[in-house]
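Next up: the structures, one after another.
One chain, subunit A, links the two complexes that follow: it is found with subunit B in the first and with subunit C in the second.
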Partner chain A sequence: MNAEAETGWPEAAVDYVQAIADTKLLLGQRYGEWMLKGPHLEDNISGASNAQDEIGQVRQLFRLLKQQGVDEEWLESERAPEEYANAPTLDEEAENWPTFVVQAALTDRTAWLLLDAIDHDDFTGMVQKMGEDEYFHLEHQDGRLETLAESQPDAVEAALERYFPQILTFIGPATYDQASDPLVNAGFTDRSVADIRGALHEHYVELFASTDVSVPPLDGDVPDPDQWDAKRRRTDDGHVEASVVDQLQGVSNKEYVIE
Partner chain B sequence: MSVNSVDAGTPGFHIGPDEDADELEREVWETLDTVPDPHIPVSLVEMAMIYDVDVDAGEATVTMTFPCMGCPAYDMIKDDVRAALRTIRGITGVEIEITWDPVWSKDMLTETAHEELKDAGISL
Partner chain C sequence: MKYHVFTRVNAGDDLIHAGTVQADSDRLARIYAYRTYDEEDWEFIGVVREENLLEVKTEAIAGGYPQ
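Let's turn to the complex of A and B:
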């Protein structure tokens, strides 16, 4: 396959990949923020490694988006906070370690499920390569969630109640099933939004089955399909803080950029 | 350094110029075999990062991959490839295409590369 194949994607597919890429960009940021604040050295090492992996994946997703005509300057340095299509779970830095682990785990797994659903030649090999990174992220996070569910079940459950509706909103409406999901119908993905929602929920129900932590129900009314913006995968106009966007765009270090 | 014109460990994967490669393409491969991986003491060719070379009217297209998607030397390595190939008489431009198909694996390294890494105290 020619990796630079420039077959045009449906517009909805560009938005879908943009949302995954922006989520990974913010995941890299959040991992970076926590890589010196974890309770154990291993947590800090994994945070640094995960941040590097996510930024590397963003670089490749941005490369494909540029091939689809998305402006490079806009992608990397000229966007306002409300133009980022990241998962709303990442809008704010978590206040404490258990909350961060739930935030990162739910979001990283969701981004992987959305990515793994893509069935397009431009992603041949790339998704497999990303999966090599993600295997370790998700295994590590599940392990941490299991131990936190034993030691701090209330904190884990509170974070799940906070983030689960947000991540369901990001995945999309339950009404997007195998017959009606626009990207499945377009042949860009092979797994519907409804299926991905179910897979995510099932994973965490099984993970916490033998603990005191309850996973919020899979609420079919979240998000409301009539309110859902498919471009930013949200029902509101929330966004990441401007100060974080300044860091993502390297505003304070622009004078050191080598052109 | 040597161009590893032998089959690597991955079935169907071949490192080095094709049998029908012309003299200029072979020179491009030989030059790429002098570009070091900045992390370990083997060349990009020995590291199985170069998948294909094509030269058309002086324009060299190098199709390459990276063992690590988050490689911090990603841009530096691409700059090194461009800089090295621009020294070749007859090459007027260099295009680099990134591919992940097939996904790089340590099985693609030749025995020679494994030995060189082993001598340097690196086990892959």
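Let's turn to the complex of A and C:
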């Protein structure tokens, strides 16, 4: 058992879990937006299931964050768009199907890698259950990427070039290796940011190995560690649109809330 | 491609035909079948490409005649 389990997590761990939870919240939103627009009814059904899984996982992660002292009202309904720590890949809705699949695939796999790296009793069991959900998300996406790499390689490659630097930025600086990653040193995670970056890159290099799609290089300079904000896991002040936050917070239907 | 989905609730039971899914690969067909027909606690769920189903025909045999 980790020594922090009863006394609270390290402050950086709260930010880390907040970023995972917000990313899953936005993943649920993006899956929801696409669940009636996929090329097959089967894609829509899978997308709807993925959305439901993500929102369910967010409930659990928010519960843990509240236990760590994060204010419930702020978490659920009082945040401004720039206070969400979601992966920047999800700031905007993708404009077409191949772009959406790349957007969701890179982001969902990254969120899983970050979550799976947590080595803390508060997450034992819960992460295993989430992993059972994620198997279907990631298999769906990889299966889709395989077929899209054959039919629309240019679109897939363009989306990879757009999203890969963003997702590397979200994971964190390459300088956070096993010896220097603060959360590894704190005993909260057992896999460094540098390792997770490598794992993500290697996965897609292998997935596209026999196709015409090239995966962008694993650029060690992205993100610049001096510019990186560990709280929002970004180097800029980008954020999701206010209209999306209104949907996430239920602003437009507040009058129907059951008290 | 069209895939047929077969399931059973208990080990040893006969498989039942749950329905079909459309998929571009075997990998996707497995996911679609699970996501689409996951309303029961199946002991087994599997997919078969429609093209792999063997049609059973009544044919003329020596000494006999077609049905």
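The criterion applied here is as follows: the second predicted complex is superposed on the first by the 252 of 259 C-alpha atoms of A that agree within 3 Å, B and C clash if a C-alpha of one lies under 4 Å from a C-alpha of the other, contacts with A are read in each partner's own complex, and residues count from 1 in each chain.
In this text, a contact is a pair of C-beta atoms (placed from the backbone, for glycine too) under 8 Å apart; a residue touches a chain by one contact, two chains touch by 3 or more.
Bear in mind the structure is a predicted one, so any value in this text is a computation, not a measurement.
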{"item": "First (subunit B), second (subunit C), both or neither touched by A:G143", "value": "second"}
{"item": "Partner chain in contact with A:D133 - subunit B first, subunit C second, else both or neither", "value": "first"}
{"item": "Touch count on subunit A, higher of subunit B and subunit C", "value": "B"}
{"item": "Which superposed partner A:R59 touches (first subunit B, second subunit C, both, neither)", "value": "first"}
{"item": "Subunit B versus subunit C as contact partner of A:D119, first or second or both or neither", "value": "neither"}
{"item": "Overlap of subunit C and subunit B interfaces on subunit A (superposed complexes)", "value": "none"}
{"item": "Complex interface listing, subunit C residues touching subunit A", "value": "21-25, 27-28, 30-32, 34-36"}
{"item": "Interfacial residue positions of subunit B with respect to subunit A in the complex", "value": "63, 68-72, 74, 97-104"}
{"item": "Sites on subunit A touched by subunit B in the complex", "value": "1-4, 52-57, 59-60, 63, 124-126, 128-130, 132-133"}
{"item": "Subunit C-facing residues of subunit A, complex", "value": "40-43, 45-46, 49, 136, 139-140, 142-144, 146-147"}
